[in-house]
Amino acid sequence: MGKNIQASSGNRKWISTAGKLLSLVLFFVVFQLLISFNVVNDYLFSTLVKIGINIILAVSLNLITGFTGQFSLGHAGFMSIGAYVCAIITLRYYSVWGFVCGLLAGAVCAAIVGILVGLPTLRLKGDYLAIATLGMAEIIKILFRNVLDKWTNGAAGLSGIPQFVSWPWLFVLTVGTVILVSNFINSSHGRSCISIREDEIAAESMGIGSTKYKVMAFVTGAFFAGIAGAMYSSYFFYIDPDLFGFQKSIDILVIVVLGGMGSISGSVIAAVVLELISMFLQAYPELKMVIYGALLVLIMLFRPQGIMGSRELSLSFLKKWTGRLGQKNGGAA
Amino acid sequence: MEQFLQQVINGISLGSIYALMALGYTMVYGIIKLINFAHGDVYMIGAYVGYFCMTNLRLGFFPSLLISMLVCAILGVAIEKIAYKPLRNATRIAVLITAIGVSLFIEYGTMYIASPNPRSYPRLTGFMAKSYQVGGLTFSAQQILIIIITVVLMILLQLIVKKTRIGKAMRAVSLDRDAAQLMGISVDNTISFTFLLGSALAGAAGILVGIYYNSINPLMGMMPGLRAFVAAVFGGIGIIPGAMIGGYFIGLVEVMVSGYVNSMFRDAVVFAILIVILIVKPSGLLGKETREKV
Amino acid sequence: MPILTVNKLTKSFGGLMAVTNVSMELEKGELVGLIGPNGAGKTTVFNLLTGIYPPTSGTVTLFRDDKEERLEGLKPHIICKKGIARTFQNIRLFRDLTVLDNVRIAMNKNVKYGLFSTFLRTKSYFSEEKEVLEKSMQLLEILKLAHKKDELAKNLPYGEQRHLEIVRALATDPCILLLDEPAAGMNPAETAQLTEMIAWIRENFDLTILLIEHDMSLVMKICERIYVLDYGMVIAEGTPSEIKSNKRVIEAYLGEEMGNA
């Protein structure tokens, strides 16, 4: 959010919006064709699904942690709520409408838990909030594993979950989330959240109720994490409580930190990059986590703003970048 | 009644371990306001070093204990110098993320090198394998050992903190880093020493747990680490006696929940305690409120 | 009725009495000064008025639109919504945000569009955003910061940062403005400019202003009345000339600053 809303003339805005819309449609069509002709096979498609889910998770966590400055280590907990609620519904009502209900119900349940968790804990600062959210996610996991096992089948997990996520669903949900979260950021609500991150006391003194906006960001983030969870269970057939533990929350955090806390496009880029790294390191799961750990330390030591800092990918950004590269190579100082 | 008292004994043994770890958390937090996420992994390394000493090197318990503490002390100082010192003026979130990174690195590095499978400590012989019956209660030699060693270490710690110059330096840096520096105290060395002490205690806790529960694995540090952290917060983060009290409290709670309710709920209860403390009295049992100046 | 009535305001931190039985009145449109030696509790009074600390005892009453409202114990953002804005002694700008964003954020309390409009970009979103942008630019132009609208707040020179703090407070559309040492760190030329600006905004924004300052040239020049605080208590109140010759005040300051006025 380094740029203000461009007060450009009406025409230029329409052209850029139309351009963005066109490129999205193109992207959708190209991939749909690749999939229909099996150029993109099941394995590659499942990678795309993972990327899409991670984009949604990273963007929603970024809203809470990067933009509003509330350090949440329990994001996977919200994901698990979406996953379980949706799975339970679609296992009972096997139809597209069942999936839609499951999707929405999962997200709404996650949002409700977000309010319940957020209201008491969001007054805590920094490290304490981190540990409290971590604790909340663990409590949710224990609830799913031991208390609600009548519905969730406990540690054995739920299997045979009907698969509904196809390319159109994946595309719409992922792009939709990115657009909606961006819209939130670039609005008075988003600006209020950012001001809380910058200086909570000053923000309060300017009339911004910090609790209200912290909870708003938290609940919105939880909602979209629920969507991601529902998508997960509706593609990968099987879920169990251990899939949504601290490790998953860390995975998401690494994406957000790598991409840049405060940059939506950064989260998107980082989600793709890290999934590709994951793919290569599939045979060595421990090595992947070792690298993640080292990555977190190295980023914090040498480039704490991550890839994009708090800037967004845009035409002017690309122009500046390529301009600078051109200068380095050809131009005199 | 007997069963209850037996559980109390178990709780105190477990609590000793948590107290040792909680001390490390509380001292580090007191001096640089950081939740050392990697502390639980130092404890795990202590357990592994102890295993290595007693299995591969066939050393006795006490030499292994000392070596564990030494290795962990060095490890703790190394972590501080490499990962935390450069970030001393960064935001709290940045340091916390780094601590998480270090923790992952150590956990999965160990898993990669030493295999994720649990290992067992060698069976103890001689007086260590005995148990004693008093009244209707059983004390195993291990439990007695744990409690005695913990008490000795805590006394040593109190002596260091209260009676030595470096201990005074630790207290000074905790209160006001800049003023301490102006008084000629080397802040870097003091902080390193704090990590040294805390990590040595964690190492001791690790090898003691190895003896007590017998099984160790690379991820064993995570949950106990978090529980020890809750113990430190409960007693008052940054306050040494608080960590001791907190450790025993959490140990007893855990044993009681396991014994009388369901061991599956241990973690839920511990985290619930944390959340209640943070909401009701975040400065903990022995802590005082601090205010931000506007 | 005075626009703001403070009655026996007291604040203790543990055993420390920071502010004791402070009573003040501000009439609508007045420009009142609050002075006193360092540590006298002036900023604490501001913090109590704006809700950052709840008072230990005492009341704060706002009289606006023919209604009386009690403010003590309310949270800062609610007090701001009722019309009291402030600047901070140690500048608290949103440092990593642009000048324009700093001002726009302060306008948020008057923005009406809700979450639905935000997510789905309805007409009301676009029209209100346009309004906020225009109003913000107007304010920045009046206070001569418009050319720096895209500059990050932390990169502004010190004097402009202090200006921006004032612009931001004005953007909340207050009826009472509390200025906490706005001239701190400024040279005489800058202070003279600031003095003019304060008088000007009082006129043009129809404000009542309460001003903490150490710089006596500023205080004596524009304040119509002055309260003097020492050790958390009001020790004197009156016009600038009355205060100048007040024995207790001179004692409290040891005569140093009064000699420079």
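First chain written, first letter: the chains are A, B and C, and each begins at residue 1.
Assume a contact is a pair of C-beta atoms (placed from the backbone, for glycine too) under 8 Å apart; a residue touches a chain by one contact, two chains touch by 3 or more.
Since we're looking at a predicted model, the values are computed, not measured.
*Asks:* Taking the mean of all protein CA atoms as the centre, name the chain whose own CA mean is closest to it.
*Replies:* Per-chain C-alpha centroids ranked by distance to the global centroid put A first.
*Asks:* Look at all chain centres (mean of CA atoms) and spot the one farthest from the centre of chain B.
*Replies:* Checked the centroid distances; the maximum from chain B is C.
*Asks:* Measuring centre to centre with CA averages, how many angstrom lie between chain A and chain C?
*Replies:* A distance of 40 Å separates the two centres.
*Asks:* Rounded to the nearest whole Å, what is the centre-to-centre distance of chain B and chain C, using the mean of the C-alpha atoms as each centre?
*Replies:* The computed centroid separation for chain B versus chain C comes out at 49 Å.
*Asks:* Rounded to the nearest whole Å, what is the centre-to-centre distance of chain A and chain B, using the mean of the C-alpha atoms as each centre?
*Replies:* 34
*Asks:* Taking each residue of chain B in turn, which ones touch at least two of the other chains?
*Replies:* 294
*Asks:* Residues touching two or more other chains, restricted to chain C: which are they?
*Replies:* Touching at least two other chains: 52, 88.
*Asks:* Taking each residue of chain A in turn, which ones touch at least two of the other chains?
*Replies:* 201
*Asks:* For the complex, give me every residue of chain B touching chain A.
*Replies:* Those residues of chain B that touch chain A are 34-35, 83, 86-87, 90, 92-98, 100-109, 111-112, 116, 222, 226, 229, 233, 262, 264-265, 267-268, 271-272, 274-275, 278-279, 282, 292, 294.
*Asks:* Taking the touch rule as given, give the residues of chain C at its contact with chain A in the complex, in rising order.
*Replies:* Its residues touching chain A are 50, 52, 75-78, 80-81, 85-86, 88, 92-98, 100-101, 104-109, 111, 113, 115, 118-121, 125, 128-129, 132-133, 149-150, 152, 168-169, 171-172.
*Asks:* Under the stated contact criterion, what part of chain A meets chain B in this complex?
*Replies:* Residues of chain A touching chain B: 65, 69, 71, 120-121, 123-124, 126-128, 130-132, 134-136, 138-139, 142-143, 145-146, 201, 246, 250, 253, 257, 284, 286-287, 289-290, 292-297, 300-301, 304.
*Asks:* In their complex, what parts of chain A are in touch with chain C?
*Replies:* Residues 1-5, 7, 180, 183-184, 187-192, 194-195, 198-199, 201-210, 216, 310.
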